[in-house]
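Each chain gets a letter, A, B, C and D, in the order it is written, and its residues are counted from 1.
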Amino acid sequence: MELKDQIRINAPRQRVFEALNNPAILKQAIPGCESLEATSPTDFTAVVAARIGPLAARFTGSVSLADIEPPVRYTLSGEGKGGPAGFAKVKAAVELEDDGQATLLNYSVKADIGGKLGQLGGSIVDRTAQKLAGEFFQQFDALITLPPGSEADAAATDETSSDGPARAARAGIGPLWWGIAAAMALLLAWLALK
Amino acid sequence: MSANPDNQKSWMGTRLPRKEDLRLITGQGKYVADIVLPGMLHAVFVRSDYAHARLVSVDVSAALEAPGVVAVITGEEMKTQCRSLRQPVLLPNLPAKYPTYYGLAVDKVKFHGDPVAMVIARDKYQAVDAAELVVVDYEELPVVLDPEAALAPDSPRVHEEEADNLMFEMTFTGGATDEDRAKNAAEVERIFQSADVVVKERFRVHRTGTTPMETRGVLADWSASDGLTVYNTTQRPHIDRLAFADILDIPAEKVRVIAPRDMGGGFGLKAPFYRESVVVAYACRKLGRPVRWIESRYESLMNIGQERGQINTLEVAASKEGKLLALRNRGIADVGTGQIGVYWGFVMPFLGAVEMPNAYTWEAGDTDLRVIFTNKACLTPSRAFGHFPTRFAVERAVDIVARKIGMEPSDLRRRNLVPRLPYTSVTGEYYDSGDFLKVWDNLMSQVDLPGFRREQAEARAQGKYLGIGFGCGVELSGVASELMVPMENQPGYGAATVRIDPRGKVFIMGGDAPGGQGHETTISQIVAATFGISPEDTIITTGDTGTTPFGSGTIGARMGSYFASAVRKACDELREKMTHVLAHDLGIRATMEEFAFTDGEIVYQRDPSKRKGFREIAERIVMFPINLPEGEVGGLETTAFFEAAKPMICFNADACVVEVELATGQFKVLRWLTSEDVGNVINPMIVDGQMHGAIVQGLSNAIFEEFIYNDQGQQMTADFEHYKLATAADMPDIKVTYASTPCPHTPLGTRGIGEGRPSAVPGALCNALVDALVPFGIEITELPIRPSVLWQKLKAAGAV
Amino acid sequence: MYPANIEDYQRPASLQEAVAILRGYEPGDAIFMAGGQSVMQAMKSRMVRPRCVVDLQAIAELKGITVDEGLRIGAMTRYVEIAGAGEISSANAALRDAARHVGDRQVRNRGTIGGSCCWNYVASCMPAVTLGLGAAFHLLDAQGKTRVVNAGDFFLGPLETARTDHEVLTHLVFDAAPRTGSAYRKWGLVTDALPVVGVCMKVSLDAAGRCSAARMSLSGLPAGAQRVQAGEKALLGSDGSRESVARAMEAVVDAVECHTDKWADANYRQQLIRTLGQEVAATAFARARGEA
Amino acid sequence: MKTIRVTINRERYEETVPERMLLVDFIREKCGLTGTHVACTYEGVCGACTVQLDGEAIKSCMMLAVQADGHAVTTVEGLASGTELTPLQQAFKAHHGLQCGFCTPGILMNMSEFLEKNPDPTDEEIRHGLVGNLCRCTGYVHIVDAVRAAAAQMRRGG
């Protein structure tokens, strides 16, 4: 499956890039995200509890980052394991460009799903992934454009003093939401099919 | 004993209802999943989610702790405790790269569905629970999926110990030396250069197969004194027995394999020796308890039954008068991992290439085949063994030639049919006997082609598109040792033990293992006819290596040719003995031919007052063996073996009528008519049924079914929602007719039938579709042919 | 395969009891079982692992078809009953068209309209048909409160509906306006398979026999059941002629996103929308005119 | 675990089973009636497990055993009364309506209800009625012949 889109975010590029590197914000933007942990400066794991209709699943994902060039671009590859359900693999490239006071975020994702996940996934994979990506950006946009000092911002600040995600944030990396969102989208798509 | 009201001959050729049916329609059949042994454990396989990956670790600790779990077996254990499946008894005598592999994957997984571990539990639900707890750490490797790309020097290798992915290659024409073959190729090229008409197309046939309704099942039982007993859904129990012995290192006399009497279809899928059987048998020996594995449909569709899968780039040269001159083919088969005992995935395309010339008198041919490893499940034999794709190519190409020169395709076929048999094809296949023209003319006599052409024209004028398509097929009637030994390293002869008990009942034991073909009935008809008794007085046992003579299995249409002939031979040996003793008792000098076996009696034909009941003479020889003719001893049992000097064939021709809806490309097969040479028919009802089933399998393969791998090697069609079989509502009525020539090489004039039968179907179907759409000049060179595909072609041709 | 462990099975005798049981569980841990023809697939493949199965079979008030002001169909009414229901008039005849070709006889003997709608599988027929007919979905919660959700608001996306975890769908109500006809048809690779595409149409005719109101929906597309208002608008004023229907179906094709999968590519799906649309329109108009 | 009471082929069974047990496993393994078969994984498409629940054909792999509590099930073993086959069974034998026989019990259970509802079916109706039963051997031709012949026999009062 391939997804490609451009999203306009109401914040300057530097802030967008930082936010993309702020696990606390990302954690809030990813629907159902339960935890984010850094296992090395460029490797992360996350647990996402996904639910669609009557179906629910917990999904463990890992993400590695490369080609980081703040505040312009990075690439990411991730893999999510849904246990006996199978797996999802994601490769994504993100590029930011200025658009006045706002930022244009260009992304392209190639995701592959395997095991029963993929076999039963059928044709609604793309759609569900798109839908979830859309939800993510809506939430992300809302969080990033909150005035400073608001709750989310405070939460993000608090978390920078804690462990895992904080290290990630300080290292200037962290858009692991990509792998997770896409992998989770795929899982949900699979779940959505009988 | 019930008497036969008619004369003995009536049992042959009779539409006798089957002996098998009573138990099957009342729910008393006993399939492998119905067999339960005390203390039996249930096995479930953990299979790879990846098409190609290194096995970093297989952690079974959580699974071992799960409720009900008795053991978990991994590849490492299989490798150290058993031999590989690369054993001589499972290896053909053909030069190929034979991968070494074990019951479970070792070091790496090579296709999506590769077995990685086996969990054994007391309850099958718990076994599935525990299998979810086996944690496998995979390190993904690049996948090899496209057979042509797999030949590139820098392609990743499916089997790293091999130099490349080319498993097998062979040229089938031109002789044994490179020089001869080069000469032949040049001669063929010369014909092509000067031919009036040349057709060249790349014919692609997808992966599909025959998918019996019963999946595989293995129930293994171990006893320290008797050794291993395996109830196995297999078409060849005697080969399995040797394989179990060799791989598990058990003396062969301590292995007994029983193919359950009731098997839910085989169609070739149950002919190979499978790795899962080894693991189940190993676990049973290790645990000293019965272990049963019943394959899920998911596993079945992931692992076996995938056949066809060939690309044939075929060129045909012809004269403008419609004489087929030469064929040149470059075949490619996408074999998958090549890991299936006996066949190794390439024996089918090998035979498919041999059978490519079909029933036509080509003057020359230049054909070769390359079989290439990929990260897919290994090709498994399926009815129409290897030649579904090659026949599709030839039958389509013949039609394309006919259309190019403005000839009726049926006329062109008739003109090029081998006029007299025996005949040896350009690929060296021997056609022993029959009358192709008689079969063809019988077909055409029922078609009324001019009438159809008028109907077609009228319909077309009203916007209704009808088409007629033809096809034909030379099929093997059993496979002789001459071909079986090189091809599968196994004999081809038929074997049967016939025993007459003191009550005059006849027991027949055969080493083959049927799966619905009606062996019990047809054999009972042969025996009843031979002895003049009722079919009810016969008891047929098959498939148990403990009680039956060695047989190569129920494969390649061996029933009507080899097994039936061996039974007849054995019966004749016993008739000889019975009449010898009877003549002695009657105090006359007479040969067997002077006696008639009829109505439960043996009658001296020159003096019908001299007669004795079949049961009485049986009892006399078995129970009271005194005062026998000199040199005779008591007992009535013999084992006979049958082998014809040369391979034998059967032949069929098909015509079908289709209607295509232009707006959607949706089509319906309106009529299907066949003409068959099956030799002398034992039970026409059963033969009809074989033909119906084969034709519908062919149609379902050609239209609906397709095993699909995505670009990651993920198999995307592992259930019946995604792998679509034809339903009753999708299929036409079928009319089967006969134009038989008795086979001169079998004692009853019978031929083996039904195995290759689906192969003529896709060509005939697509020829009809193309015929219906002649105004738009579309061609079909790929399968499956679906409405959406046809509509795209119509759209491209400007028809819609 | 076999379902994962189930801790409890309940067969409530009343609606109140049914919703009360669900209240005792976390969302998703208890699941309603209607006919079970989708839920069992999900449980056997272990995509759904409920702790508790609440079987609705014993609740009589969930079953049956009655005609009063409109057509009322209980959520647990099975396809086989809908397929043979003479009391369903022309306006809602699409229900019969669909029910006759869902799955197979065995599925139709178990599967229910409510179960199918609540599961809202992406390629099933009943969501599209109830959407096309503009059904009203009646829900009951644990407090005994009822609410009515229109079809357009009921189906949210694949597997998602407006029904909350603690609500039960009791019945659907369809209006049966005069001079109104509906029809549904689908195409799948094999007979009665899940639709590659299905089209549902409902038309009301004025005195002159022209379409005065229309509803149209599709099944088989990745969005799941989908209403196509562009097509409805284009159908207004139509007398059911091939040309006018063709124009409407072209509007549908332009408005929806078709996808490519192993059964058909996007172009082919568009073509099916056109051809099925013609067939469905012919039947729906005839029914509205009282001719069929 | 739940204790359930199910009448199968007029015989009452009272067994304690796990909630997740499929009805088909209850029939085959708890009650030992192995004429009902399984040929698909989770999809419920093949129809080999078809039995009648209160007289209606259903797929016993698509139901939990606990759901059948209080109901009457008929399996292929319950079709014939004693040694007397039903006209449908007789017709399957007379017309070679089966080969391997694996799908046959499901077809018999579906078609016997079908013929009660539709005693004089066309071939098209028979074929449509068979959509929920996959058969791989026969090509369906003889199955249709058998059902048609059984219908005629039953109409004659056989």
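Some notes on this structure:
What we mean here is this: a contact is a pair of C-beta atoms (placed from the backbone, for glycine too) under 8 Å apart; a residue touches a chain by one contact, two chains touch by 3 or more.
What you see is a predicted model; the values in this text were computed from it and never measured.
Compared on C-beta pairs in contact, B-D and C-D come out with B-D as the pair having more. For the pair chain C and chain D, the distance between C-alpha centroids works out to 29 Å. One inter-chain figure worth recording: chain A and chain B are separated by 52 Å, centre to centre, where each centre is the mean of the chain's CA atoms. Counting only residues that touch two or more partner chains, chain C has 1-2, 4-5, 41, 45-46, 191-192. Multi-chain contact residues of chain D (touching two or more other chains): 18, 20, 41-43, 128, 131, 133. Residue positions of chain B touching 2 or more other chains, listed in rising order: 125, 132, 296, 298, 716-717, 719, 721-722, 725, 727, 729. Contact between chains, per the stated criterion, is found for A-B, A-C, B-C, B-D, C-D. Of all the residues in chain A, the ones that touch chain B in their complex are 83-84, 86-87, 112-115, 118-120, 194. Residues 18, 20-21, 28, 33-43, 45-46, 48, 75-77, 79-80, 85, 89, 92-96, 98-105, 108, 123-124, 126-128, 130-131, 133-144 of chain D are the ones that touch chain B when the two sit in their complex. Residue ranges of chain C in contact with chain B, taken from their complex: 1-2, 4-5, 46, 187, 189-194, 262-265, 267-268, 271-272, 274-275.
Listed in rising order, the residues of chain D touching chain C in the complex are 2, 18-20, 22, 25, 41-44, 47, 50, 53, 56-59, 61-64, 66-67, 69, 110, 113-114, 128-129, 131-133. If you check the complex, the residues on chain A that touch chain C are 51-57, 84-85, 116, 120, 122-124, 126-128, 131, 190-194.
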